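One chain, chain A, links the two complexes that follow: it is found with chain B in the first and with chain C in the second.
And then the complex of A and B:
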């Protein structure tokens, strides 16, 4: 099964469960506070997923390592390499 | 000195049936180049330094796609300096895809492991011994360098570039669940036969090619190890990330999402 199919299946499953409960298709008599939470639930989930995504990406951007040392090390090795290669007769 | 060196005679050790630890492993580095005249001598020098310091058996295969800047001329000089058993030139007439460069290079590779990396100095050869250690530790089929884990990181990226990179990585992780943290990186170690099988299957171009390699690897149940790397963005030459790259990345991502 492709990743797309997995997503569609999961969404269809959750979506039909939600629809069945809100429409009362199962004949369950849910107390009214439950029903009031239930019907905007997809919107809540969507918003919290979005917040989670933004929070995660934001945190990861903020903690992305800047490899200053690696860049400095590379620069000094480049000098060393140029000198050594020139000594061995390389024409740049 | 002589006694240490003698363990490395490849002819006798090849025959051992157990093959895993005692056999002399050889690492072939594939360096596809296009206009890397400035960088090529430096990356080769760093590779040679890193390999000889850790006593690893290696060869460097330079696949130049007809660069107009004379990369080939510099490569020929390097072949003279380091010997044609260490530096192999396998140029091609014109610029062709990365996948075909790997196929072309592998045809001439005598190592049982292949290292792929960029020749523009963004990938430092000092990490290759760590890749090799990691590979042996878990007997992995692939070891991938990662900028997104542990001590890994980047140098020379502004905030916008970091946001795009992290954002793209997050979306990819959510949609594809690939089991590796750096999908678009191209600093990796493969078992030769694994790379051969993967390259046959992968059709994408650019950034997506590296991503497809990992996704297909996961599909084919190959194991993947990861080593944090520092990525120092192009010292010489222009780094490329424009609108076109982003659009083709998204197209490729959605294609993989729908087909794998």
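And then the complex of A and C:
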């Protein structure tokens, strides 16, 4: 089974379980606070996944290992190459 | 380690995501278990907004992504038409 099929299968399972519980189709009598937590659950999971993604991106940006020397060297090499190519007649 | 604005932006994103996560978790998960008379309910909107606001934000995001793609595609078409 492909990864997409696995994800869709898992989503369908969890989605149907949530729908059955929220609409009382299983005949269970859940206490009121539990019902109040249950019905926004998909939205909650989506928002948490989004927050996790945002936080991970921010963390990786903040802890990225810059190489100042390599950056400077690369810039000077770019300038050299531009001057060389311009000398040989290539127009930018 | 990244320097300057990179660090500020990165840590800012982390802080924003943590704030949103804690507020939303308290709203959706914790509030139903707290008595309706407790003062903390003053800091949270009615429960329906807990689904309505993320839904509206998601739709807005899709709208902006669609507008951006349309803009880029139109710009691309104009460039190829000029080159012909």
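One rule holds for everything that comes next: the second predicted complex is superposed on the first by the 68 of 92 C-alpha atoms of A that agree within 3 Å, B and C clash if a C-alpha of one lies under 4 Å from a C-alpha of the other, contacts with A are read in each partner's own complex, and residues count from 1 in each chain.
In this text, a residue touches a chain if its C-beta (ideal position, glycine included) is under 8 Å from a C-beta of that chain, and two chains touch if they have at least 3 such contacts.
If you're wondering where the values come from, they're calculated on a predicted model, not measured in any experiment.
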First (chain B), second (chain C), both or neither touched by A:57: both
Which superposed partner A:13 touches (first chain B, second chain C, both, neither): neither
Chain B versus chain C as contact partner of A:25, first or second or both or neither: neither
Chain B versus chain C as contact partner of A:92, first or second or both or neither: first
First, second, both or neither for A:82, with chain B first and chain C second: first
Which of chain B and chain C A:2 touches, first, second, both or neither: first
First (chain B), second (chain C), both or neither touched by A:66: both
Touched partner set for A:33, first chain B, second chain C, both or neither: second
Contact residues common to both interfaces of chain A (with chain B and with chain C): 57, 60-61, 64-66, 68
Chain C - residues contacting chain A, complex: 1-3, 6-7, 9-14, 16-18, 20-21, 24-25, 28-29, 32-33, 47, 50-51, 54-55, 58
Parts of chain A lying in touch with chain B, wherever the complex brings them together: 2-4, 7, 53, 56-57, 60-61, 64-68, 70-71, 74-75, 77-78, 81-82, 84-85, 88-92
Chain A to chain C touching residues, read off their complex: 32-34, 36-37, 40-41, 43-44, 46-48, 51-52, 54-55, 57-66, 68
Contact footprint of chain A on chain B as seen in their complex: 38, 41-42, 45-46, 74, 77-78, 81, 121, 124, 148, 151-157, 159, 162-163, 166-167, 169-170, 174-177, 230-232, 235, 256-260
